[in-house]
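See the structures that follow.
Two complexes follow with chain A in common, the first pairing it with chain B and the second with chain C.
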Partner chain A sequence: MTLLREHLGFDSVPASVNLCALCGSVVIFSGMMPARTVARALLIGLTFAAPGTPAYAQLPAVAVERRLAEDLALRVGDTVRLGTAPDSMRALATVGAVYEPRPDPAQITKSERHMRMHLPDLAAILGAPDRVDRFGVGLVPGTPADSAVAALERTAFGYQAHASSAIASESSQTFIVVSRFHRAIAVITIVASAVFLLCIMLLKVEERRMDAAVMRFVGVRRRTIFGALLLEAALIAVAGSMLGTGLAFAAGAATNAYYRRFFDTALVFSLITPGIVFFSVALSLGLGLAAGAAAAWRLVHTRPMVLWGRR
Partner chain B sequence: MKGIAWGLKSLRRHRLRTALSLAGIAVAAAMLLDMVMLSGGIDKSFTDLLLGRGYQIRLTPKGTLPFDTEATMAGASGIVAALRRDPAIEAVGAVLGTSLYGRTADSLVTLFGYGIEPDAQSLYQLASGRDLTPGDSSGVVLSEPAARFLGAAVGDTVTLVGRLDPQTVTAGVGRRLVVRGVVRWLYDYRGQPSVGTVLPLMQRLARQPSADRASVILVKVREDAAVPGLAARLRARFPQIEVNSVAELVAHFRERLVYFRQLAYILGSMSLIVAVLLIGTLLTITVNERLGEIATLRAIGVSRATIVRQTLAEGTALTVVGSALGIMLGLFTARYLDAILTSFPGLPAAFSFFVPRADTLGFAALVLLVTGSLAGLYPAWLASRAPIAATLRAEAT
Partner chain C sequence: MIPPPLLARELRKDYPMNGETVHALRGVSLRVDAGDYVAIVGPSGSGKSTLLQLLGGIDAPSGGAVEILGTRLGSLSDRELTRLRLTRLGFIFQRFHLLPVLTARENVELPMAEAGVAGRERRARARELLAYVGLDHRADHRATQLSGGEMQRVAIARALANRPALLLADEPTGELDAATGHEILALFRQLNADGTTLVVVTHDERLAAEAGRIIHMLDGTIRD
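After this line comes the complex of A and B, so read on.
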């Protein structure tokens, strides 16, 4: 860490450096078993709850994720036993804080439970002093990340430097795949909806063939009938779009409520933006009007006697 | 028969609306089929993957799944020896998974290493060359990506190094090994550069050379029916180790992919509703249009049953033809959707989300046929209840 700080201090990169290696973390994998059972058996053994007991006053403090605290019924001040394997639970620590982690979509399907501790305490448990997995480097505003990465790479310390944007891009691959899948499903759904809409509009307009025949018999112009049928189609499309938008908001709220409860997270699963509403309404209106116009055009160009059913 | 023939004629008379309805039903049927394949395909594919070589139980470090973490079990050879003494067990194989490096002309490439027991391995299939033999401490098998990265072929020598110090770029241990064969690792993701050696050698290349550690122990049971009982027995015997049968692993995997299963149920249900609405609406409007014709038929003595059969036949014909088109469309779209989902990072290349199976296709077709036919019930009831005299009078005026 010192080397890195010194290096950046002497280098031409105009950056002030903040080395974010102050906290390590222990990950508890609850696997197939209830987290309570596994965590007790695995990395944390709850020894006793005696906040403020003088003999343990100097124990290292750990911050425990809220879900882990709930699973183990831990409270601030409790003492826990830590280790890297069930047969090496030798380190003691006190619960200094219970924290709510930032909602992370990458974590929701995993049963991992986390806790945070000071780096030297973690290093002592792992038996790996002065070692870290990664450094976070904060650049002063205006410093290009790419040039800082290149400067760090040139030092050949034996590490790999990555810009945060590159890591974000790499780690978001899962969500890019899910997003592509959703888009593909959306295309199929839109095709199905479009065909459904066309069919309904056609049937709806054809239902008016007798009315259209009568109007033609009494001298109403084709254009007027076409306009009337198109207006009817437009009204149906508008009403359907409004109803559909309402249904979408209701379904979105239900989806969010269900999955937030299911995964115990504050993440938003269904997000209906004005852009999505605009696209959906425009598409359904456009399709409805096009289908209505096509059916109305076909109707007004059919002979009245045929419409009346006499030929 | 008369009613059915009339129903089919009625569909032919309105070709545009029939074609549009068939298109709608086909798309809905395709979506339903895809979603049925998705809901069952995940389980089937994962089960096939795990049971590929017949090992029904996995032992892993407490609280972990196979290769889910870097955690390992100590005293692996003792556990394996104890398991091999159990008469219900046919074979046992320990595996250590670890990161290591391969030396090329001017740099190091990162590899994933499997330490295996060649006489009880279930992780790969030989593609070319020959397999490792027990005690072969100078041989290595490579995946195709690893062979490509290392520029090595069968018979070549490669250098593997482990316990690398990143600050000085020096290796704690290195070995020159002869490539015995190129293999296909069953659980590797696409493009994963993996190598395999005998277990003791990989333990030396990994971080803990003296601890006799393994990442997973695979157990093949003589009788499938004995698996749950044996798993429970092993759980009691090794309380510090996670014991899972394939069925339990599948259940856990299903939990992780619960989103896709639920999405499949929701979209499948919606597809079914769309198909039913489409058929129901079409038939209702058709019946309303033909009330005069139906009343005339009733007036000349055609029975209500014939009228009902005619309407139901229309619905069934639409469903059958639409479903047939939908199955073809569904199989095509399933391949496309599968290609998207299998590009998930870290997913085994052999895994598939959409698995076409005869029972899946049959189930989707049956559900569609039944619901599509039922969708014609209301219009059929309307047709059969049409008042003859009033309808004929209204038609005449």
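After this line comes the complex of A and C, so read on.
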């Protein structure tokens, strides 16, 4: 049971296209598959028959990545020639399936194209059946990964088994760091916006000096004026948060649409979760209210005659 | 014996300015009885607006005392003074100073809301007051949608909202044209006829002529 990555050349016999110069990265899998690698592995247990092509009926089947199939105009049932080098394209295979690989951020900038086949077929092409060094194991649902790992490591000397969650965690470290970096930028942006909001509130409050003075003259209490200004700040913060959230979703959708098209992938480039929205709105409201409170406090603790502009 | 709505004794107000002391008021005494209509006139800088501010408790005198219905303003805390201005005094300003985001009715309701008058009662009184000043048809217009004369009438209705013992007006026709000023004059005459005590600071000779008593001020003193 082996997983092997190897570069192969191949061409499409029915289409009479010379594909020798095109190298694709091939991921081969045989045996049981862990959930994480299912999308990257050849479908096990399936046998592919090239319909309507009896001469090739017994050829090994391969699964071709959708982008590769599109690049080469391959369809299920086509026959391809495979080899390890352009001058050794001797093995024939039929396209048994075209698959959409699981989106992988680590792969989007690479021009590699993948195909999958049964391990014995790959071993036959390579002539080196013992070169496989990694494979995935799928567990029956409910089986504890830790006990499976322990069992595998006891099976033979030299095995190193890892739970897919541990591998995922390890391979996600870069993205976690990037995510934290983005969060830091977002927080700094919001705080800077809050400073801007504070300035706006102070300016708006400055415009209200006369109104505040008149309200004080006619007997309106400080706390009423303070409350009114705080309410206004809260409304501004809520409106700003709603507008910001809407803009974020719109910008996220535009970003995803652009990069999905650009990279031809289903990856989500901009993800706005309820948690992010909650955090941002809470931070904005808190800072907006603080800004409003600071401006209002300053206003109501200024003597009405000073607000009136007399002294 | 009911104390007079307004009693001022030996009011003085000094301002520091450029290292010197300016004597804006130099010992002004004044008594205004219920139902009086008093006009304070004088040239600019004579101290009439300063006097009005001291009488209304919006500024503190450097010396002397002001009593509103027997309550000495100098003895009140800021909160008590605010309450007194709310319930005992009505202010009318030259530039109206309505809150622009509120409608005419809401502007009139504001002092009543602050005084804790129930919603239904204050709405009814606001309607009544706006009808009194001839603006019931403009009740739901924002202040910015009103003309100068209309804004001043709303300001008068606002000043009357909590049935004050004394109405203080600072140049109430100063921003109005002659015709609109006449309307305000008529309204003041009607207010006084209905029992409102008025103290008006004005340059407007017509408005002063309407008053039952005219106080002339010069250099911070009263020259009767």
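Following the convention adopted for this analysis, the second predicted complex is superposed on the first by the 233 of 311 C-alpha atoms of A that agree within 3 Å, B and C clash if a C-alpha of one lies under 4 Å from a C-alpha of the other, contacts with A are read in each partner's own complex, and residues count from 1 in each chain.
Methods note: a contact is a pair of C-beta atoms (placed from the backbone, for glycine too) under 8 Å apart; a residue touches a chain by one contact, two chains touch by 3 or more.
These figures come from a predicted structure and were not determined experimentally.
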(request) Check whether chain B or chain C contacts more residues of chain A in the superposed model. (result) B
(request) Once the structures are superposed on A, label A:Thr94 by its partner contacts, choosing first (chain B), second (chain C), both or neither. (result) neither
(request) Examine A:Ser241 and indicate which partner it touches, taking first as chain B and second as chain C; both and neither are also allowed. (result) neither
(message) Once chain A of both complexes is superposed, is A:Asp211 in touch with chain B (first), chain C (second), both, or neither?
(response) second
(message) Going by the contact rule set out at the top, does A:Arg221 touch chain B (first), chain C (second), both, or neither?
(response) second
(request) May I ask you to decide whether A:Thr79 touches chain B, chain C, both, or neither, giving the answer as first, second, both or neither? (result) neither
(request) State whether A:Met305 touches chain B only (first), chain C only (second), both chains, or neither. (result) second
(request) Show which residues of chain B lie in contact with chain A when the two form their complex. (result) 16-17, 20-21, 23-24, 27-28, 30-31, 34, 61-65, 68-69, 71, 74, 165-169, 239-240, 242, 244, 248, 251-252, 255-259, 263, 267, 271, 274, 277-278, 281-282, 285, 288-289, 333, 336-337, 340-341, 343-345
(request) Name, in rising order, each residue of chain C that touches chain A in their complex. (result) 15, 53, 56, 58-59, 79, 82-87, 89-91, 93, 97, 99, 110-111, 114-115, 158-159, 162
(message) Help me check something: in the complex, which residues belonging to chain A touch chain C?
(response) 210-211, 214-222, 224, 304-305, 308, 310-311
(message) Can you tell me which positions in chain A touch chain B when the two form their complex?
(response) 27-33, 38-39, 41-42, 85-87, 109-110, 157-159, 173-174, 177, 180-181, 184-185, 188-189, 191-192, 195-196, 198-200, 202-203, 206-207, 259, 262
